[in-house]
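What follows is a pair of complexes built around subunit A, which joins subunit B in one and subunit C in the other.
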Partner chain A sequence: MNYFFQRFLFSILSLFILTLITFLLSHVVPGDPAIVAAGPNAGAEKIELLRIEMGLDKPLSQQFIIYTGKLLQGDLGNSWFTHQPILDDLLRELPPSLELVFIAMTINLLISLPLGLCSARYSDTIFDSSVRLLAMVGAGLPIFWTALILQNTVAAEWQALPIAGRLSFEYRSFDGYTGFYLIDSLLLGRPDIFWDTLRHLFLPAFSLCLLFTAVGLRITRTAMISEFQKDYVLLARTKAASELRIMFKHVFPNGAPASLTVFGMQFGWMLGATVLVEEIYGRPGIGRYAVKAVTQSDIHAVVAVVLVVGVVFLLANLIVDLLLYILNPRGRFKE
Partner chain B sequence: MSLLEKFYFFAKSPFEKFALGLVFFIILVAILGDVIAPYDPTQIDFRGKLQPPSMEHLLGQDGAGRDVLSRILSGAKLTIFSTFSVIFVVLVIGCSIGIFSAFAGGWVDNIIMRIADIWLGFPPLILALGFAAALGASLEAAIWALIFSWWPNYARLSRMITMDILSKPFILGAQVLGVPLWRKITFYVLPNAFDVLIIQIALDVSAVMLSISGLSFIGVGAQIPAPEWGSMIADGRAYMSSAWWVVVFPGLAIFVSALSFNIIGDALRRELDPLIRSS
Partner chain C sequence: MKLSSILTKALSLLALSLALPGLALADASGTLIIAENETPENLDPANATNSTVNQLLVGVYDTLVQFKAGETAVSPQLATDWMASDDGLKYTFTLRDDVTFHDGTQMTAHDVVFTLKRLQAASAAVLNDMGPFNSAEALDDYTVAMTLDAPFGPFISALSRIYVVSKTQVEPHMAEDNARGWLAVNAAGSGPYEVSTYKPTEVVTLSASKAYWGGWDGDHVAEVVFRYISEPSTQLALLKSGEVHIAPDITVQDKLALMDTEGFKVDIGAAATPLYFQFNTASDGLVGDSEFRRMLSQSFDRKLHLDYVLQGFGSMPDGPLPPNWMGHSKGTELPFDLDAAKAMVDQNGWAGTKLKVRYLPAIEEEQAAVEQLQSNLSQLGIKLEAEGMTWPAQASTVQKLDTTSDINMIYNFPSFPDPHAILNTSFNTQNTGYNGGYNWAQYSNPEVDALLNKAASSADQSNRADLYSSAQKIIGADYPVITVSLPGSVVAMSASVKGYSYSVAHHQTFNYMDISVD
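Coming up: the complex of A and B.
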């Protein structure tokens, strides 16, 4: 129980620092938030009025308390380009982004884990060096450039996959309960829509994951290599266990947790990187919302996205850490 | 052994030597880009709009008839130098914080490192986006934004190294001899930290470069007529289906630079890491 308590405390502390950062971004860095909030065409009196209304005449510490108080009530302010509460905007935009990141993560894991394992098993062979070269190439690719090129070749030239959007035109009236079309289509018993959603997700998810796969592959490989050098592998070999059994029953479960922490962090990073992909593929989502907000210089909307991505990041890490704790008996018996 | 020789020594395969050559070539282009560019990178020529690569314009012309090759060459300084300035400032700030934290020890060290840990985790791109938006979009804002989100890397690393060095007997010796603090830092800690830091720098260059160009692509970094590689891609997006060269070549420039730095970083890590582990 002690571990759980400590872990939660750490998350709360992280949340506090996150709000401190977003407070800095929205109240301190831009100079005068009242001018920002009033918009580009506001007069001097309106700005003065707003300053008092927003509590900007008070000291910073007091402002921070007011700010966190509002956050706790779910009040993120109004966006002045959609003219709606930012919270509503985000709740609408989050499901499509999470859907994208889930698929990107799945592709990431499907590539990184098996390739990392095999390249560790056959380390210093041609196979291993080509995998490492691939990882290096992946780490140098700009996400937005890959996205544009894939969109123009695979989707536009070869017409193998849809170019943009979340769903095909014939399904435009589709609407579900959760906002996750993958889940909604299954709930409503529409496999055709499920398939269509998946086809729309593939290219953006693939271009989003490449950079992260390069890192994941590397981490998995390193973790697995150190596992292969351990005594239990030698023991398994002397017992003449098959190579497949050693790889998947012995080494993989022992080496995977080390890389799982990184994959947990990547989940939040990917959500942040959707700013580079969603706009290109014309998908709704918080990435595109953030980009729009930036071009409209709507600082509060941008900062709200920072906050939400940060919270998702913290949650993902918390879940992964607790999962690892539950999976690993060593941690449980130590107490 | 000079730094240059050291680098050359570390590049084992011809492949790595080639990457090393590319890195020097890229830096050279970043310095001399404006001089060697065959045309004025901002010269608009509407008759040459979206002309494909030819003998006169090796990499074609963009939507306003500007020469793509000249723009890539003279844009190198924007991308490369902003990357280097991010790394330089982050190195100075991060290491100061890290070394301070290690020397301070106790609860001060604890608090600084907790903050760095947490800060490090938050997605750098989105943090930088928020910061750049708060400052107002410009290349300088993007640079500051990345500094703002990147410092914990170096704070943690330099603190770790300093802690390691502080536990060595020669520091105890220095203590006995009454060596002042600043001498301990400049003559004992920094030279020993050099190897580890240089690996981290080499590996960070590509990540920072991709982030800078990404921010410019979104529109919070360099603004569009500037030949920054990321904003060139943003500028060329609309024409991509009919004129691929407007998007492909600047992207290739980013990719090749990032890849060469990665290869060098990898070689450095392979050659220097055993030394670090044994120490």
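Coming up: the complex of A and C.
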């Protein structure tokens, strides 16, 4: 368990450095939030007054100390533009984004793992080559382009899936407890809303995951190929174990850890990339919130978003480490 | 035409006119769905200078006076009439006594006074346009007196953005933030619509107020839904599939195509939001020299811009003020003449000069204008470096003279249709960038200042018109800006939308209160 304690401390340190860098960057980037807050024809006097009110007149080091001091008490501050506690804003924006990333990750795993495994088993066949070709294409597709094309064809032309939004018009007054509509709809016993949410999630999630799937697939394939070449596979084959058993019982559990690490990181990267599909599919979420905050120089909101994405990134990696630890008996026996 | 058919026509018209009053009194029904590219920051009337916020508030709150859609003269709203003292320092308003807020309380003079006091305490952006407004006091329940520090001509017009809040509702939330947090997500108005859901990055829903004091006479919808969709192609797809009725932000090409498509129409509002190239007149470099600026001012082809970038959706600018406005002066800016500019460059040996323009690349029109200027100037041997920025970044560079670039692009969004709102904002010394204003040309001419200040403090409209006219002539001779365009407010909508009208007085805003959907 000592290892996890170290990991935990390391994560806290990373978050602190992340906060420091974002805070510094936000202040170094030109832009004066006080001008924006003051509005048109404000006059220098009013801008100066607001600057003091917003605490921007203090030296940067002092601003940072005040900010982190509040942060340690769990206070992310108020947004200068929404005038709401940033925590409340994030609690509203995070669920739709996380929901999107969860579905994207699920699609990602459902494609990468089986295809990667089969591709490795039948490596250098036509099947393998086609999968690799597809992965190459997938890796080269920009997310926003895929999103636009899918929206124009599947949604707008064929009317097979919704064009935009989180829920259909008839459910516009739906409000849940958690903000995760997939969970809320089930809690409220509304399978129709669950299905509707899922339909709205599919295209954005698919557009978001494609790029990551291409990478995940190739990593899985490489990891599995090296497993297939190991002696235990030969041994299993000589013992006449079925090919399915070899693939799923032996090779997969041994090869998976290598790709799992990548998938863990992909979760965080995906959360950072949601803005691309959120804008196109007209979805609320943390990406859109962040863009608005950046264009207004809403510094505390920007730092908070980066911090939250950082926390999710670290949590995902921590969970992966935990999984690896459980999956790998050698780790357990060391203690 | 046969007699019988004429008779049938006449009879049906008669029937229709008999039926109309009945129709008009019918309850509001149906839903109007509007796409909007920018998400609102909040719902606070303190922030009504922002057009996205203002668009939401215009039907939720009432003001003392208001510009009806398409009109440029104020009409009474909460105030029935008003009087200015002879010295122009005191205005007395008589209020309606039949107005109720959505919470059921009656609107009185105390609500108006509270509204203004709260805006002052909150250093509200919306007060920036109220000039020398000092204070308000309730003389009795339905009479309000407002005091100014100096006479201010457009004072009544400026009141069209002061949305009156219910004191009963807002006062308990004043605490330390002057109710900014509460009003950011709640409404306390008396307008025809109430806010029913507020999810600022997704959707805002307004529903018709059942007990609206103004009564429901005319066609409207029961529910107005704003969906925040930033991607133009998504707005188009939603418009075509019938999921939104109004899509203001689709591309110019798509708007052109929809003009000839059955089931859709395109409205071109005569917007008064000029786009400028502002030259840093205070620069130590060449651009500080008015002869050099005279050369620059001939290097941009406005007609080409209007025809190709705006696809004809807009009007040709003639000087900084929209041509149909009071006090407009003709021919104050030089026409496009690249040969004349070239001759000046050759004569003065300006070839090889390097200039920098700052602009917002996110706005297509600005990007296109910068590209044209770049290409024209390169023909003259002048290299124009283009630096795209975000709004807060660009605004912060003009706060000091030494960080102001040679050229800045900026739109002027007048808060009300009065020459003051454009000329004073863009050309008065007190509004220079270094003074915290939008005169990013850092233009300072005492003669112009005197004329603008005099016009602002006069109540005599014809006198004001003369003063503004003279001011434009002097400004024109100093070449501080190129007025690039007067883009129209082009909005695509479903043919089922009835009663759409662009609000000239509130830029990028329209009257959803008067719209019905078939």
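Remarks
As a working rule, the second predicted complex is superposed on the first by the 293 of 335 C-alpha atoms of A that agree within 3 Å, B and C clash if a C-alpha of one lies under 4 Å from a C-alpha of the other, contacts with A are read in each partner's own complex, and residues count from 1 in each chain.
Heads up, the rule we're going with is that a contact is a pair of C-beta atoms (placed from the backbone, for glycine too) under 8 Å apart; a residue touches a chain by one contact, two chains touch by 3 or more.
Treat the numbers as computed from the prediction; the structure is a model and nothing was measured.
In the overlay built on the shared chain, the residue A:163 is in contact with subunit C alone; subunit B does not reach it. Looking at the shared chain after the overlay, A:295 reaches both subunit B and subunit C. In the superposed model, A:68 lies in contact with neither subunit B nor subunit C.
When the shared chain is aligned, no partner comes close enough to touch A:222: not subunit B, not subunit C.
Of the two partner chains placed around the shared chain by superposition, neither subunit B nor subunit C is touched by A:123.
Contacts of A:149 after superposition: subunit B is touched, whereas subunit C is not reached.
Contact with neither subunit B nor subunit C is seen for A:261 once the two complexes are overlaid on the shared chain.
Judged by the touch definition given at the top, the superposed model places A:47 against subunit C, while subunit B stays out of reach. On subunit A, the surface patch touched by subunit B in one complex and by subunit C in the other comprises residues 29-30, 148, 152, 156, 279-280, 294-295, 297.
The residues of subunit C lying in touch with subunit A in their complex are 33, 39, 41-42, 44, 47, 49-50, 123-126, 128-129, 177, 180-181, 184-185, 196-197, 199-203, 205, 225, 227-231, 233-234, 237-238, 240-241, 243, 362, 389-393, 395-397, 399, 413, 415, 425, 430-431, 434-438. In the complex of the two chains, the subunit A residues touching subunit B come out as 13-14, 17-18, 21-22, 25-26, 29-30, 136-137, 139-145, 148-149, 152, 156, 211, 265, 268-269, 271-273, 275-276, 279-280, 290-291, 293-295, 297, 299, 302-303, 305-306, 309-310, 313-314, 317.
Per the touch definition, subunit B reaches subunit A in the complex via residues 114-115, 118-119, 121-127, 129-137, 206, 210, 213-214, 217-220, 230, 233, 237, 240-241, 244, 247-248, 251, 254-256, 258-259, 262-263, 266. Looking at the complex, you find that subunit A touches subunit C at residues 29-33, 35-47, 49-50, 53, 78, 81-84, 92-93, 148, 151-152, 155-156, 159, 163-166, 169, 172-173, 279-285, 288-289, 292, 294-297.
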